[in-house]
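In what comes next, chain A is part of two complexes: it sits with chain B in the first one and with chain C in the second one.
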Partner chain A sequence: MTVVVQTEKLSKYYGNVLGLSDVSVSIEPGVVGLLGPNGAGKSTFLKLITGQLKPSLGRILVFGQRVWNNPVIYHQIGYCPEVDTFFEDLTGWQFLTQMLRLHHFSPQAAAKQAEEMLDFLHLSQDKDRLIRSYSRGMRQRLKIAQAIAHDPRLIILDEPLNGLDPLGRRKVIRLIRQMGEAGKTVIVSSHVLPEIEAMTKRIILIHQGKVFAQGNIHYIRELIDTHPHIISIKCDRVRELAAALVKEKEVIKVFFTPDPHEVQLETRQRDVFFERLQQLILDLHLEVEAITSPDDNLQAVFDYLIGER
Partner chain B sequence: MMAISLRETSRANFLISFRDVFKFYSFLGIHSRRHKLFFLIALLPVFMAVIFKSSQIIYGQPRFSGLFIYSNMIMMFFLQFLILLLALFFGTSICREEIEGKTLPYIVTRPINKIAFILGKYVAYTLLVSLMVVFSLTLSFVIMNVNRLGDLGIYKVLVRDGGVLLLGIWCYAAFFTFLGVILKKAIFFGLIFSFGWENVIQYFPGKTQKLAIVHYLKSLLPPLSQEGFPFLLFRLEPTPPGEAVLILLGLMILFLALSCGLYSWKEFIIDSQ
Partner chain C sequence: MTIRKKGYTHWEGELKESFLVWFPLTRLGIKLAFQRRFFRLFFFSSFLPALIFLAGIYISERLEDFRFMLKGSPPFLQITPNFFKIYLSSGLFLVLLVLMMIFVGSGLIADDLRFNALQLYFARPLRKIDYLVGKIATLSFFILLLSLVPGLLFILFKLLFAGNLVFLRTYPWLPLAVIGYSLLLTLFFAGYALALSALSRNSRYVSLMIFGIYIASDIVFGIFYQNFHHPYLALLSIKLNLQQVAAAIFGQKPFYQVPWELSLAILLGLMVGAYFILQRRIRSVEVVK
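So, the complex of A and B:
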């Protein structure tokens, strides 16, 4: 398969601050998830690919060409930034047609393409409203629209699901998968594992500016599944529940918190435990207020994985 | 053959980029709320002219003619305040607007030549400022000389003043574009330059006054009348008009070339938060 993005020992420093360090990856057509906690270097990596930043060290090639200060290649790239900013004095329609004009589309072609794209992303009805009056979800969809309207071969989406409602998320996930199936190269960044899982099986894990792992998502899933999870349960009779929990073989630890209605436990088999917990709640006739997993976020998982290595 | 073809492609890309950037920022310039506010500021001399003229009409027998007040007060307001202010805000925004508004990713990921971006936006915004100033200047002139509009001789003054202001706008805007590219706090330093340096240095004796852009602009105008202003002791030691025009054009080209070079070379980091 053709390599679309290739980096060799790519590093980026902001003064003395490390943004990205020694990253060597090859990205082929299809959807690739860039996964890492906030501040991991995902946006820096994406900005380097799109030519917004100059590499401090190493090399980056997109479609076999250098990308910094090479505007000819930008016809092939679509970029959806993470920041929620626009030319606020324009309407959605004006913004999208003007962005297409900057891709050297004729006025007619820009209008036709913008019409189709706004319709596709369900923004047609609001196209003549000022962007400043758009909801967060509408703004997010408009950002995605400007990234794909010119039909690029490489699409880079930085946290594209931020601010979208569940329906919007589903649509965008479907769109990303369709683009991947159509042979485009889509790089999507996120700090939420299930979001990436819904789009692709190919991931690049990035943490503290370094590529931590890359490949199939099952690999990271396996690692995560052995990660001890802390689960917090708030209910009316916590001590009774705690007594029952210690008898369960999936549970490693049970402990109380200053909150008299809360008990916390640690398990290595989260999915199995949740199935068992449902039964316990029914058997004990408990009134459960909340079940949460305080460390169920990517940072905790990364901390754990790094500790393991 | 190949080299020629590459050069032609690159030139075509530059021209198309310039055209599209110019059109985009002309469009944005007209729709921007901030620019509408600046248009109102540009109309300040018109309000001044209305007040002067009204008071002349109300109190009768004015000591100074309309043309005298126009040349010595309104024109000076344009020259020493308005064009500086407008050129400062529009010039610095050529680079800083996208950085501070965090809209730079939409521009730098488009197939736009960076030099064409600076020049296209500079021409679009400076043209917008020029139109604002010419409109305001013409209106003020007409109001102040409403009783002499049949005298064709006075229009020479309007054409000369308009030319000087346009030259000033284009030169100052180029300088402020350069400040916007090199400095984060370009507006702050621009204000110090405009209302500190420019307003002080021009009154220094000898060659020192030649270090201010306004010196060359004033060299293109007749000396300011001191009739009624005997306390004004400053004397302009003008540069010959031809030389002054050449220096202003030279400064404009120099600052634009520096801006384009630096903007192409420099990377601008946008905070993601």
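So, the complex of A and C:
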């Protein structure tokens, strides 16, 4: 697959303050979640990709071209910053048209495209109102509109779900997935993990200016061998199952939960264990209600990685 | 009723590279200025001096007809280069330009800083120089409308009222002087207003600075001149420096016995200073140190 964003040993220092250190990543088309606690370096990374900051060390290529001081490539990039960036004295339509004009759209084309985008993000009815009268959610949608209106191939959204109501969040999540499916590269930064999980399984985890992990959430979870996998099984005869489980060499620990029909266990060899579990279920004639991995999610990966260091 | 399900659509038009990438910024700046009713009133009022001078040109060509209402010959009825110098460098005209900078220029960069708009601009195919040109062009539009346009129209109307080209044959360099001085005014005031606008996120503070520094420079000159009577103290005043250079460009004797080159050097120095402030302050991301 084509690499859209490639960084090699990318570092950014603000004087003596470390912004980003030795980051080497390759980002391909699709949706990628950029995760990290506040001050981790997410926004610095995004600003380096959008060419707003000059790298202190290393290099960054977008579509194979350097991005710093190369405005031509900016036609291909759509950026939605985290903070509000509006001219409060303009209407939503004027603002969007102005942004499109800066992408060399003719006045007519800018007007047409602005209309379509406002319609798409359900802002048509308010397009002639001054932005200063917009609600938080409307502002957020307008900010997203300006990032995607010129149909860029790389879309960078810094905390795009901030301020949106649940319905608005669902719509934006759907939009982001649609854009990913349409072949665009969408980099979404957020600290709300379930929302990222709803958009993509591909993540880059940044903490203290460094990339802690990148790739598929499940794959990353597999790599964290210092934390055994927790597997939960709900069935009719949990005590019988627990007795059988403690004899298995892949199982480290077995424990009960307040739920009388649930037993949990820890294992370091999840795949091997699952093969063995099938046999156990058949041998014991168990009626299994559910098998889940409570820590095979983004939150667990995040907690393990951040907590480990 | 049909239900329309709308999804993300791709732009299928064709974009053309433009040399005027800064033009949308200029257009927006002019549009925002005219959105304010008070500014519209001020803008149209600021042409009153030009209309009075234009009337002066007409009267100068019809002196016999107007003799009944005139005693002597006021300087503005003698259409010489001095007439142009008076129009383009009078204290009133320069204050009008300062007020224009307050209305149009104070928020040009300060508002972009306040609204964090620079990161949106610089995430687009717009270089810092394009941004600056866009902002300078906004101010130039207004300054040139007050200086260059009336200046050239005065020459044109003088020729039309006289019905011959004698005036232009006598002062063939005058159009160039009008253009040159208007450009100096434009670059100076645009740089002055934009540099101050880049220093604050609050356009009200910028307005105070634009007016305050201009007036303070004159007051400081006045205080020192009262005590020391030294002509070189004129270099302290922005207004007097502009007037000294205007006198030189229009071939008149400067009011203060100071080489006009020194005044020009001071004005150029201020412009260079303004450029460095703009270079330093205009960046998409605030740098934390």
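Definition applied: the second predicted complex is superposed on the first by the 219 of 309 C-alpha atoms of A that agree within 3 Å, B and C clash if a C-alpha of one lies under 4 Å from a C-alpha of the other, contacts with A are read in each partner's own complex, and residues count from 1 in each chain.
The definition used in the following text is that a contact is a pair of C-beta atoms (placed from the backbone, for glycine too) under 8 Å apart; a residue touches a chain by one contact, two chains touch by 3 or more.
Since this is a predicted model, take the numbers as computed values, not measurements.
Q: In the superposed model built on chain A, check whether chain B and chain C fit or clash.
A: Partners clash after overlay.
Q: Is A:Asp119 touching anything from chain B or chain C once the two structures are fitted on A? First, second, both or neither.
A: Second partner only, chain C.
Q: Is A:His218 touching anything from chain B or chain C once the two structures are fitted on A? First, second, both or neither.
A: After superposition on chain A, A:His218 lies in contact with neither partner.
Q: Tell me the contact category for A:Tyr74 with respect to chain B and chain C: first, second, both or neither.
A: In the superposition, A:Tyr74 touches chain B and chain C alike.
Q: Give the label of whichever partner, chain B or chain C, reaches more residues of chain A.
A: Ranking chain B and chain C by residues of chain A touched puts C first.
Q: With the two complexes superposed on chain A, say which partner A:Gln178 touches: chain B (first), chain C (second), both, or neither.
A: A:Gln178 contacts chain C only, not chain B.
Q: Check the residue A:Arg66 against both partner chains and state whether it touches chain B (first), chain C (second), both, or neither.
A: In the superposition, A:Arg66 contacts neither chain B nor chain C.
Q: Now for A:His261: first (chain B), second (chain C), both, or neither, which partner does it touch?
A: Touch status of A:His261: no partner.
Q: For the superposed three-chain model, which listed region of chain C (3-11, 21-29 or 165-173) is the one that clashes with chain B?
A: The one stretch of chain C in steric conflict with chain B is 21-29.
Q: Enumerate the residues of chain A that count as touching chain B in its complex and touching chain C in the other.
A: 14, 47, 50-53, 69, 71-72, 74-75, 77, 79, 81, 83, 85-87, 89-90, 98-99, 101-104, 146
Q: Would you pull the chain A residues touching chain C in the complex into a rising list?
A: Those in contact with chain C are residues 14-17, 47, 50-53, 69, 71-72, 74-75, 77, 79, 81, 83-90, 98-99, 101-106, 109, 113, 116, 119-120, 146, 148-151, 175, 178-179, 182.
Q: Sort out for me which residues of chain B touch chain A in the complex.
A: Those in contact with chain A are residues 13, 16-17, 20-21, 23-24, 27-28, 31-33, 101-114, 264, 267, 269-270, 272.
Q: Taking the complex as given, what residues does chain A use to touch chain B?
A: Those in contact with chain B are residues 14, 43, 47, 50-54, 69, 71-75, 77-79, 81-83, 85-87, 89-90, 94, 98-99, 101-104, 146.
Q: So in the complex, which bits of chain C are touching chain A?
A: 6-11, 13, 15-18, 21, 24-25, 27-28, 32, 35, 111, 115-117, 119-127, 284-285, 287-289
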